[in-house]
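This report refers to the structure that appears directly beneath it.
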Amino acid sequence: MAHATSPAAFGRPRRVIPGLGLSFTITTGTLAVLVLLPLAAMVAMSLSKGVPAFVAALADRRVLAAFRVTIVSALAAAIISAIFGLLLAWVLTRYRFPGRRFIDAAVDLPFALPTAVAGIALTALYAPNGWIGALLVPLGISVAFTPLGIGVALVFVGLPFVVRAVQPILEDLPADEEEAARLLGATRMQIFLRVIMPACAPALVTGFTMAFARGLGEYGSVIFIAGNKPMLSEIVPLLIVIQLDQYNYTGAAAIGTAMLLVSFAMLMVINRLQAWAAAR
Amino acid sequence: MSNTAAIEIRGISKRFGNHVALDNVHLDIRPGELVALLGPSGSGKTSLLRIIAGLEAPDSGQIMFGMEDASRRHAGEREVGFVFQHYALFRHMTVFENVAFGLRVVPRARRLPRTAIADRVTKLLELVQLGWLADRYPSQLSGGQRQRVALARALAIEPKVLLLDEPFAALDAKVRKELRRWLRALHEEVKLTSVFVTHDQDEALELADRVVVMSAGKVEQIGAPGDVYTAPASAFVHEFLGDTNRLACHIAAGRVLLADGGVLGRVEAPDGEAIAYVRPHELDILPAKDGSAFIRHASTFGPLVRLVVGFGTANLDVAMPVERWVRLGIAVGDRLNLAARYGAVFSDPAAPAAQLLPEVPGTMFAASICQQGGTQRN
Amino acid sequence: MTARGRDGALARRMLIGLAVVVAGIVLGMPLAIVLVEAFARGPAAYLAALADQDTLDAIRLTVLVALCSVTVTTVFGVAAAWCIARFDFRGRSLLLTVIDLPFSVSPVIAGLVQVLLFGRRGWLGPFLETYDIRIVFALPGIVLATVFVTLPFVARELIPLMQEQGAEEEEAALSLGASGWQTFWRVTLPNIRFALLTGVLLANARAMGEFGAVSVVSGHIRGATNTMPLQVEILFNDYQIEAAFAVASVLALLALVTLGLKLALERHQSGTHANEERPT
């Protein structure tokens, strides 16, 4: 019997679905060439003049001020986004009212609207002679061209992250838990704090973190409204642009690397949060 | 043997990580027969079917189609028709396009002309009695109709072998029974070598020419439906096929003794610990005021009455015809004695059983408790 | 619904009112002001602003950049989804994380890395100068930066869908004798077409609207390397406010059309889904 001698393990198709090699090569090749290598080059360049130069580039007063402004406004904006986002998600899932679907669709607007468009629109709105800015002048509040403006822009950018993170959780929340709590005599506030908040807290935190991470790197919607005063309303991404304009590649790379590290940290936090939320 | 086998499975092994799905499986499937791979979930039956189809690659071993080694052939070159458990119909194609798919993907040089393809598809749809649904999409069909479309699609390529993965599992009970008969009739008509996977013993016993009972990646027994039921090769096969009562016992001088010393019956087997199985219909009940057992529960199911009998701490299943139950004139709570008419005694769970016989026909069961007794139901 | 009705009509109305106000201020007004400012001097001025040669050049370049980068993003996305959703291999979850990486990196960094690699003082700068190849401050750099930020869009849409659909239909096609490519074109592609279209739409919107990444690599050469968002910036900084908003209104329209189509596609998708899940 001839077939008995044929080597069984030779040339056997390991997987029935073809294309692993091709698709894997395209995927990893593209990522390597277009994303990973460029990022690695940036890290390498930031360290090309040694670690002390790297540290010195970051320890600059203007750079530190920019990091402070960026982190503080991103944090504040993420908190406001979380509050507004929870409100919107709640109202959109719990109530039926005219215009609900319209608002639901509008929540995605910041995802789709180019950041430069958002930037000039917000600037026009909050300028001292703008629709909203004019109302705030008598109150002695100026938004445009101050750190407050950065916050306003970042709320616009961050809001949909929170709404879209919390919405599905609220939709899936079984009504009987609330009804049971109500039958047990809980007040509305108690139900909200003890039943609803614990259920959507992980999603809220995820949305908050995503809004915060996005805020740290945001550029287009911020630079028009921020006024970009050094030490006061200058954000980190703008500083990279300024360093590049001065052909200070190493400095730009150092700031970029620091931002990348912050992004990685945020990515890990988000992954942890999602794992935590999934485990609950 | 390999001269007559349509499919010869030689020493197939397959692991998924640490889990051994198949462990050195050998099996011959004869031309034109309908074989059932029967076993609980995780027994490796679906893996074996997928390996035959070429959808999965074994770690070792060979699949022979006739005299040819098919191991190295790609799934598309094996000329097998595969019917998936959830049918896997192409959701964006009509019924007609689904059935025609296998004919249309043939390289142009060997492809049938358009009209011939249409003829073949129309014939197949008539064979599965779905000609009137040719323009529908799978989402517009009932489960039974989808199942038949899947079958027609698999048959369209004129396969040498038809493989069906749990063909009736996704259907409700009534449709399942109809389709089972219909598939058997279809098999009589086309006489295509067919292998189907099932965890349902009724399905395997009713439909198949031969049943392959599998457990934990191994073949426990191969045989005709009647044989595997009446002469199980291992305790596993006996337990898996049909309802049965399991009684721990030991054998002494040809007598089967229960834990408390009561006598279950006679057996020709060496002394030692053993497991005895008695099926519900092999147990007789004999009403007696001081009987060792009592009726916990009784339910009528068609022509049969099913009893749960409390025997010490154990519950045993007993089945009898309604007429006999009526004639006995007893009710829940009444005391009685039990007697085994037949049974199977396994001294070694991996070897065939010895026949349990009544010591004297109609002998009573032991008078008291059978501590280790338990009930097995499938 | 009845239990929720007991929420208290007043609280409910207040929450809805608050949500409408928040949505109006944060989402509605920026969009409204774009249109109002664009038409501030009437339709004729609006059309004249759009007919400006620099603006037309910017529109042309934007379309070209989007065409190039969306092509790369689409091929990458399909390949990534195929190997992630159809195979199990070591490092699969790591690959999934890397695919998402561009989402969490500041767009300015996406531009920065191109300058660091291909700029005159970048790693490959001298080499490129020898052969007179321009990447930065030219179309290739703009495309590379845009690809960086849009890379995950298509993959993100396809991966969850293909995982949910499973491989059975592809296995069926292959066992019926179809080749790998036949299986892809005739079975896989029709099954993912709506999600693919959604991903392409979102990638396109982002590509056309990208500001931060492109701003860094473009060099702002009018009529040559200016995309529409950059044109908006230049006009705005030149105090040609109406013209800036006129160009911005085109981008806003693009965003609205994108959102509308996405909504329609999602509805279509869930429609076909509901069909498939009809009781058998």
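We just call them A, B and C in the order they show up, numbering each chain from 1.
Here is the rule we use: a contact is a pair of C-beta atoms (placed from the backbone, for glycine too) under 8 Å apart; a residue touches a chain by one contact, two chains touch by 3 or more.
Fair warning: this is a prediction, and the values are worked out from it, not measured in the lab.
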Quiz item: Relative to chain A, which chain has the most distant C-alpha mean position?
Solution: B
Exercise. Report which of B-C and A-C is connected by more C-beta pairs in contact.
Key: A-C
Exercise. Please compute the C-alpha centroid of chain A, do the same for chain B, then give the distance between them in whole Å.
Key: 55
Quiz item: Roughly how many whole angstrom separate the Cα centroids of chain B and chain C?
Solution: 54
Practice problem: Starting from the mean Cα coordinates of chain A and chain C, work out the distance between those two points in Å. | Solution: 16
Quiz item: Which residues of chain C are in contact with two or more other chains?
Solution: 171, 174-175
Practice problem: Two or more other chains in contact with one residue: find those residues in chain A. | Solution: 15-16
Quiz item: Going by the touch rule set out above, which residues of chain B reach two or more other chains?
Solution: 54-55, 74-75
Exercise. Using the touch definition up top, name the residues of chain C that touch chain A in the complex.
Key: 3-4, 6-8, 11-12, 15-16, 18-20, 22-23, 25-31, 33-34, 37, 72, 75-76, 78-80, 82-84, 86-87, 89, 95, 97-102, 104-109, 112-117, 119, 121-123, 144, 147-148, 151, 167, 170-171, 174-175, 180, 183-184, 202, 205, 208-212, 215-216, 228-230, 232-233, 236, 241, 244-245, 248, 251-252, 254-256, 258-260, 262-263
Quiz item: Can you list the residues on chain B that touch chain A in the complex?
Solution: 2, 54-57, 60-62, 64, 67-69, 71-72, 74-75
Practice problem: Flag every residue of chain A that touches chain B in the complex, lowest number first. | Solution: 1, 3, 6, 8-16
Exercise. Using the touch definition up top, name the residues of chain C that touch chain B in the complex.
Key: 168-169, 171-179, 182, 186-187, 190-191, 272, 275-276, 278, 280
Quiz item: For chain B, which residues are in contact with chain C within the complex?
Solution: 53-55, 74-78, 80-82, 84, 86, 88-93, 101-102, 105-106, 137-140, 142-143, 146, 153-154, 156-157, 170-171
